[in-house]
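These are the structures in question, set out in turn.
In the two complexes that follow, chain A is the common piece, with chain B as its partner first and chain C second.
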Partner chain A sequence: MENLLELRDIHAAYDQIQVLNGVDLAVPAGSVFALLGANGAGKTTTLRVIAGLHQPTSGEVVVAGRCVNGAHPEELARRGLCLIPEGRGIFPNLTVMEHLRMAARSRLPLAEVEAIAFDRFPRLAERRHQMAGTLSGGEQQMLAMARGLATKPALLLLDELSMGLAPLVVESLYEVVAQIASEGVSILVVEQIAQTVLKVADYAAVMVHGKVAKVGRPADLEGELSAAYFGT
Partner chain B sequence: MDKLLTFSITGLSLAAIYAIGASGLVLTYTTTGIFNFAHGAIGMIGAFAYWQLRFDWGWPAPIALAVVLVVMAPLFGVFLEAVIMRSLEGTSDATKLVVSISLLSGLIGLANWIWQPGVQRPTSRFFQGSKFTVFGVFVSWHEATALLLAVGVALALRFLLHRTGIGIAMRAAVDDRDLAMLNGARPNRGSMLAWALGCSLAALSGILFVGTLGLEAGVLALLIVNAYAAAIVGRLRSLPLTFVGALILGLGEAYWQGYRADVSFLSGSNLSTFGSAIPVMILFAVLLVLPNPRLKGRAARSREFFAAPSRGAALAFSGVMVVGAYVISGFMTRAHQIDLAEAFAFAIIALSFVPLVGMAGRVSLCQLSFAGIGAVTMAHLGNENSLRGLVAAVVITAAVGALVALPALRLSGIYLALATAAFAVALDRWVFQLRSFEVFGLFPVKFFEAGSVSVNRVEVGGISTASPRAQAMLLSIVFALLALFVTWIRRNAFGRRLLALKESEAACATFGMNLTLAKLTVFALAAGIAGLGGALYGGLLQSVNPGHFSFVTGLPVFMLAVVGGIGSVGGALNAGIGLATLAVIPNLIPALEKVMPVMPGLVGIGLGRNPSGGVQKMTEAFAPVRRSPRALLALTGALALLTVLRSIDVIGNWPYVLLAMAVAFASPLVATTLGGRGSDPAAGEGAGEDGEPIALEWVGLLRPFTDDDRKSMDLSLGHSSGVSRGTA
Partner chain C sequence: MTTIPNQQRVEEFKAEIAEMRLKDPATARDRMLLRAGAALMIVGVVLAIVAYFGSHGTQSSLAQRDYLVTAVIGLCLTVAGGALFLRYSMAQFLRFWLARIAYEHQMAADRIIEGSHKGS
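After this line comes the complex of A and B, so read on.
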């Protein structure tokens, strides 16, 4: 099967601090890939490198067969790569509708964007003129997802969808993830808490100290996880 | 009734001009996070450019307007964004502030260079000042145009920011720039548009002002400072509130002019200049009343970094400086001795920035105004006994400093900078213009007596400092002592408290630190230092006027201190030397005279690249020399030799200076080839460069980690197995 995203020996640093020490990763097209690891393992940094927000010191980021090192994040976004960052990926001082207009800027007409977003998350339709900063945490995460999906991405990068949300909300968000995946979108999910994401993931990898320590099917990895988290 | 209507219309049109200027400011601030102190100066340049086209070259008004507003101003905005502002991304508030203040100062210099000041420049209002009547009151078309334009600007901006894609993207980038990019927005385009529009609006308000007032660079650039008050009412975010603020300002000013004469207790001569200070007073007041812009929990981590100098280094620095001043002043003409003394006077004033800005992270733009108060105090109280005058200057300015700080305690960042700027401008426009008056009939208060006052030079214990060289020595010694004092503060508990205050107020509060006392103390301390510097500076000049201590004059002092490195006494010295050099260069190269006022601005704008200041860089470059005793000896020997050669007139002044500089620059190279202790940076375990023990948190920064450090760290953290883990 072809890989939509490949990372080849990525090294990255913040100032003098080396954070990624040779990350190799391959996300097959149309799959859900879970990237797990303890705090500070470098997961967020990996996603930032893929999205073009952080320049790697060496290595290659290959999307759909093309090396995209040095591409601007906005260009990648316009070409169908969507990162929903850690925390709430929203603009607190913009209304829900304005978020959708942002989404509509790059790829699709507004009407289509609205249809996609409100279909998936009807709750947002009721709050279309509310400032995003005043939405509840779950609604904010829905809005972030809605905005991402409405761009019809080919590759979706999700960073800690579950952060600070009730288990039920997390489950429903992951149902959406599974649904999108079934429509052919490739998804790379970063998570701390493995249980929920491993239910929907096709593949999983564990990251330790800026390197991928183990890759495999979710079932094969269960045993490795405690090692990665507790460093034993 | 007619009178009310007349002044209301004047007030409304003034409000319209303020609103246009302020909305441009708000636009650039919200979309780029940079509060543009130079906004007024850009408007001023726009006004001059318009004058040039319209009145000097006689172009028709619509064409001149179009060229300035649609072509020149936006292009200038785009240029600013691309060349200067974009590189400020991710720098601290202070750095952004300095760059825009430098721009302000540079643009004033530029305008004075191109359009010679003091020349009458005829202007007229739009439509040649023709009028129409409303309810029996004359309204000029100029005023009506201003009103219509303000309404148009309000509607257009509202539409842009809420209805257009690029406007929404601009607001999105304000919230989260990275996320906006992830949405496919191009924030740079948004910023560029904001700067282009901002400059256009600034120019428009500047042009409208010219119809009412004359053309003078400094006045115009600061006039739009008035508009800042309106922007602050809108808390730099809300355009509707900004318009409300503009209304308050415009009407307030118009009614003051209209009705002051009718109210007996307002018609006193001391209030005649008060009118022009009203907007800055309102600015000050609004800053104080507005809801607190929150204690910033996690201050944006700034790139600036200052290490504490060791006691030995500070002593050596002071000693070398005083001896150097003594030796060099011996070779100088009297005029240059005065220049040297002036350099130290400015260095003392600039030194007041070190505890306040460098340590506590509080930007004050009124230090030169404090110096002015010090000079005035010395003038009036130091006549019989100069020492008494000096003490009074320090005490009174420190008290005024604390008084100014008291209401401003909760402010920080640009808000504090604005409040102190407002204070400085209020002194310029009003207080420093006052004649003497009695406070409740108790004691007289005197300022510059609406002109200039003479200041005595210091005389201590029968030693007079009347000669220029004695002045230079006095000022260098005072600077050296103050530098030691400031270094001592940096190293003691109070200094650490100030640094903590700079890093995070919220964290300090949770530690139970008394923030109020620390802030008040540092303000009073800084004001006192500036006051002392001002008193001595006054003595050096012997006659001072308000112009010596104006807000605009103070800007280069601040900028050059920042460029030198505002966290170190070396930065202050740099400011002094820099200012004196700027004053001297035109004597040497007359062609450069007009360029000089632009220089501090250019230097300040260049700061973005090196936020810790030049002195820090130089110190780093000289590190090998300090570590190698042999190189240090060689350097001292070479300088001594040159000095001897100069004193027996084998070489002249210029070869002396050039050779000394060459020796200094060559010394790091010599040191590295000589080797010595410098080649082994870890020499002297557990100790810094000069053998003193250094605190744990500096290990790794001042010298590399060793295994011993790891051991002691593990011990103190209670990791008994710490060392063995590495080998397990």
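After this line comes the complex of A and C, so read on.
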């Protein structure tokens, strides 16, 4: 299977602090790829580099066979590279419908965006006129995902989907992730908690100190995870 | 090659990425121009101040004219530096601001249309 996303020897820094030290990664088209690692391993920075929000100091970000270093994030997003950030990035004082209406400005008409959002997340239909800030954490995550799906993504980047959510909610969200992937969307998901994501992932990688320490099928990585988190 | 569902979307994505116009990945240039803008603003102001005190400290009208020219050059540098600084520091912020304004205008227009439908 060809790769929809490749990172080649990516180095990145925040001023003097080196965060990524030569990340190599390949996400095959139509797969779910889990990027795991402890806090501070460089997972979120990796997503930011892919989305064009942070420029690497060296290396290449190759999307759909083309090096896109220097591309504007909005240009990438418009073409179907969607990042759902940690913390969800929703507007607390806009309603669910207003969020969907904003998303509908990109690719699809509002009716289609509503259908996508409410079919996948019926709970959002019940809350359509509610301010996003008053939704529960799980509902906010659903809204962030619905808004992302409204851009008709080909490559979806998910940052810490499970953050602050109950295990049951996380499981149901990952069921949706598996459904989205089954429709051909390539998904790169960053997580600290590996348990649930590994159930739906086709491939996984463990990051340690800004580098990918191990890549493979989820079953092959279980031993690496304890080393990555506890240094054992 | 394994066929994946929604292959059409993937092909569309590839085509759109291939067509995308990319700016020079040398992003260090943006940072350099931002710093150059800030430096020019400072240099310009310093030149103007030095010229003021210089002209104040001499009675030679020829020297005073030279200081005057120096002060004008300083002002020009400040304006040019300010423009550079604004271009490379505020552009991103202004883009989001513009998007917000556009969204709010659209909302207001939608409300007016909705109101007119109710009224009719």
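Here, the second predicted complex is superposed on the first by the 232 of 232 C-alpha atoms of A that agree within 3 Å, B and C clash if a C-alpha of one lies under 4 Å from a C-alpha of the other, contacts with A are read in each partner's own complex, and residues count from 1 in each chain.
The definition used in the following text is that contacts are C-beta pairs under 8 Å (C-beta built on N, C-alpha and C of every residue); 3 or more make two chains touch, one makes a residue touch a chain.
Keep in mind it's a predicted model, so treat the numbers as computed, not measured.
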Superposed partners chain B and chain C on chain A - clash or fit: clash
Partner chain(s) touched by A:Ala213 [first = chain B, second = chain C, both, neither]: neither
Chain B versus chain C as contact partner of A:Met102, first or second or both or neither: both
Contacts of A:Leu4 with chain B and chain C, given as first, second, both or neither: second
Which superposed partner A:Ala13 touches (first chain B, second chain C, both, neither): neither
Touched partner set for A:Ala38, first chain B, second chain C, both or neither: neither
Partner chain in contact with A:Gly89 - chain B first, chain C second, else both or neither: first
Which of chain B and chain C A:Val68 touches, first, second, both or neither: second
Among 39-47, 165-173 or 507-515 on chain B, the segment whose C-alpha atoms clash with chain C after superposition: 165-173
Residues on chain A lying within both footprints (that of chain B and that of chain C): 72, 98, 102
Sites on chain C touched by chain A in the complex: 1-2, 4-7, 9-10, 12-14, 16-18, 20, 22-27, 103, 107
List of chain A residues in touch with chain C within their complex: 1-2, 4, 29-30, 55, 63-66, 68-72, 75-76, 79-80, 98, 102, 152, 154-155, 182-186
Footprint of chain B on chain A - complex, ascending: 51, 53, 72-74, 77-78, 82-83, 85, 89-94, 98, 101-107, 147, 151
Footprint of chain A on chain B - complex, ascending: 162, 165, 168-169, 171-172, 174-176, 178-186
